[in-house]
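Take a look at the structures listed below.
Across the two complexes that follow, subunit A remains constant while its partner is subunit B and subsequently subunit C.
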Partner chain A sequence: MATHTLDITKEHCPMTFVKTKLKLAQIADGDILEVLLTEGEPLSNVPRSATEQGYKVLSVTHVEGNIHKVTIQK
Partner chain B sequence: MFDFTEEELNRYSRHILLKDVGVEGQEKIREAKVLVIGAGGLGAPVAMYLAAAGVGTIGIVDGDVVDLSNLQRQIIHTTPDVGRPKVESAKETMTSINPNVKVVTYQDFLRADNVLDIVRDYDFVVDGTDNFPVKFLINDACVMAGKPFSHGGILRFEGQTFTYVPGHACYRCMFKTPPPANAVPTCSQAGVLGAIAGMLGTIQAAETLKYITGVGELLTDKLLTFNAKTMDFRKINVRRRDNCPLCGQNPTVTELIDYEQGVCDLASHKN
Partner chain C sequence: MADKKKLSLIAFSGEFDKLTAVFTLATGAAAVGYEVNIFFTFWGLDAIKQKRGRAFVGGNWLTKMFGFMMGGLHNTPTSRFNFWGIGPRIFRKLMRKNNVATLEELVEAATALGVNLYACEMAMHVLGLKQSDFIHEVKDTLGVASFLELSEGGRTMFI
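For the complex of A and B:
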């Protein structure tokens, strides 16, 4: 079970979740994806959208400044 | 796998965001090959939406040239296109909407002797024609070749459509043979509200994308009809018939037929 990372701190809605979905499509079932994103829209939308679309959000942790890490299992 | 460029991700973001489509569905759309028969009232919205959606290969068949009287509903063509072959004008609009799609043009009318060669290369066929002989020809060819297709027809304020997938009801399960030539008027004789073409054509485009992506339930074994005067939509259940002359147990239609066209149809082809 591999762990992958994705940095979408430079992206804006809705490309934040589009990029997340692309990465999730590219990894294997059961793999872990760690997504780095900023506060505000990305932080409120990406975990919610991932849950709505059937992915498992394992954790949301603060990294530094306005950057957070969302850990998603495919 | 899933090597979408930044431009594609952005262009198709509203598809990719959909749970039922996603990156996987957009990939299927990009790989798909769809044939649109007719670059007229129905073919115009179908071809434009399929190009916009990023269908990788779109074939378009029409032997006509753009006439001023087409522009009231055939929104893929514009006033400076009058006199140009419809397939050329259509291709130009489609590639300007989305340069990523490959458009293959067939500047010809469909006949018993060319239909199978043309449909062979495609995954799905859209009937956007305006007369019964060709509608039966498309049905017969697609049933014989095992190709799914979307049937569409409009007249005055009304439209009808269904989707054929092998194993389900075909056009001849509903209507055995074409009406006699000139018994039923065509749009060019009876008129049609231009926006009806858009209503019906976009339903056909949606059915095409649903078939490609496998999303939802198609209009198989169902004839959808609407009347825009009252905006009543009806879905009529239809069944594959054992005694269908084409797909039944003892078929009598075993080869492709060029039915006689109405006088007006022939005249309109000369334009």
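For the complex of A and C:
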């Protein structure tokens, strides 16, 4: 079970979740994806959309400033 | 089992800003799990041509001239502030500077996400285009009846 990281802190709609979705498609079942993102739209949508699509959101933690880390298991 | 959420877009316009709206909606919706269909017709067909620069794509001399004047994805004009083609260059520069996906990046993302691309059969005849003139991700050429069947049960937008 590998852990992957994805930084979308500099991305904007719609590429925030587009990049997350494409990364999730690349990794193996059971792998972990840690997504670094900013508050607002990405923070409210990435965990929700991941859950809706059947992925498991393991945690959402504050990193620094307006940056958060969402940990998703495929 | 609940039906999958579905968004169908009719891409009629060939302008840079309107095509950006088409592909922003398409990629955003596909990324959050929607089935997305885009039906390209008339000017919108310029977005899915294999030749993205200015090229004489068409059936006879007249449609080849149309193809050349339409200009391909790289030469799409903006609906406002076009200024003989300077506008889109400024917009592209601003988008890159602000880390917003460019039109070409959005098209790439749409195909990577499995957005279904269709071309309008009637407009293809008028403009002298064949399916082989389009990028290979274009799944099929359709008429109105098939598009209505595809979009049934979802949301449809005309851009």
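Note that the second predicted complex is superposed on the first by the 74 of 74 C-alpha atoms of A that agree within 3 Å, B and C clash if a C-alpha of one lies under 4 Å from a C-alpha of the other, contacts with A are read in each partner's own complex, and residues count from 1 in each chain.
The rule is short, and it goes like this: a residue touches a chain if its C-beta (ideal position, glycine included) is under 8 Å from a C-beta of that chain, and two chains touch if they have at least 3 such contacts.
Because the structure is predicted, anything quoted here is derived from the model rather than measured.
Applying the stated contact rule after C-alpha superposition, one finds that A:26 touches subunit B and leaves subunit C untouched. When the two complexes are overlaid on their common chain A, residue A:14 makes contact with subunit B and with subunit C alike. Applying the stated contact rule after C-alpha superposition, one finds that A:45 touches subunit C and leaves subunit B untouched.
After overlaying the two complexes on the shared chain, residue contacts for A:58 are found with neither subunit B nor subunit C.
Shared contact residues of subunit A, touching subunit B in one structure and subunit C in the other: 14-15, 17-18, 21-22, 49, 52-53. Across the complex, subunit B meets subunit A through its residues 1-2, 4, 9-10, 13-14, 16-17, 19, 22-24. Within the complex, the subunit C residues that touch subunit A are 24-25, 27-28, 30-33, 98-101, 105-106, 109, 112-113.
The touching residues of subunit A, counted against subunit B in their complex, run 14-15, 17-19, 21-22, 24-26, 49, 52-54. Residue ranges of subunit A in contact with subunit C, taken from their complex: 10-15, 17-18, 20-22, 45, 49, 52-53.
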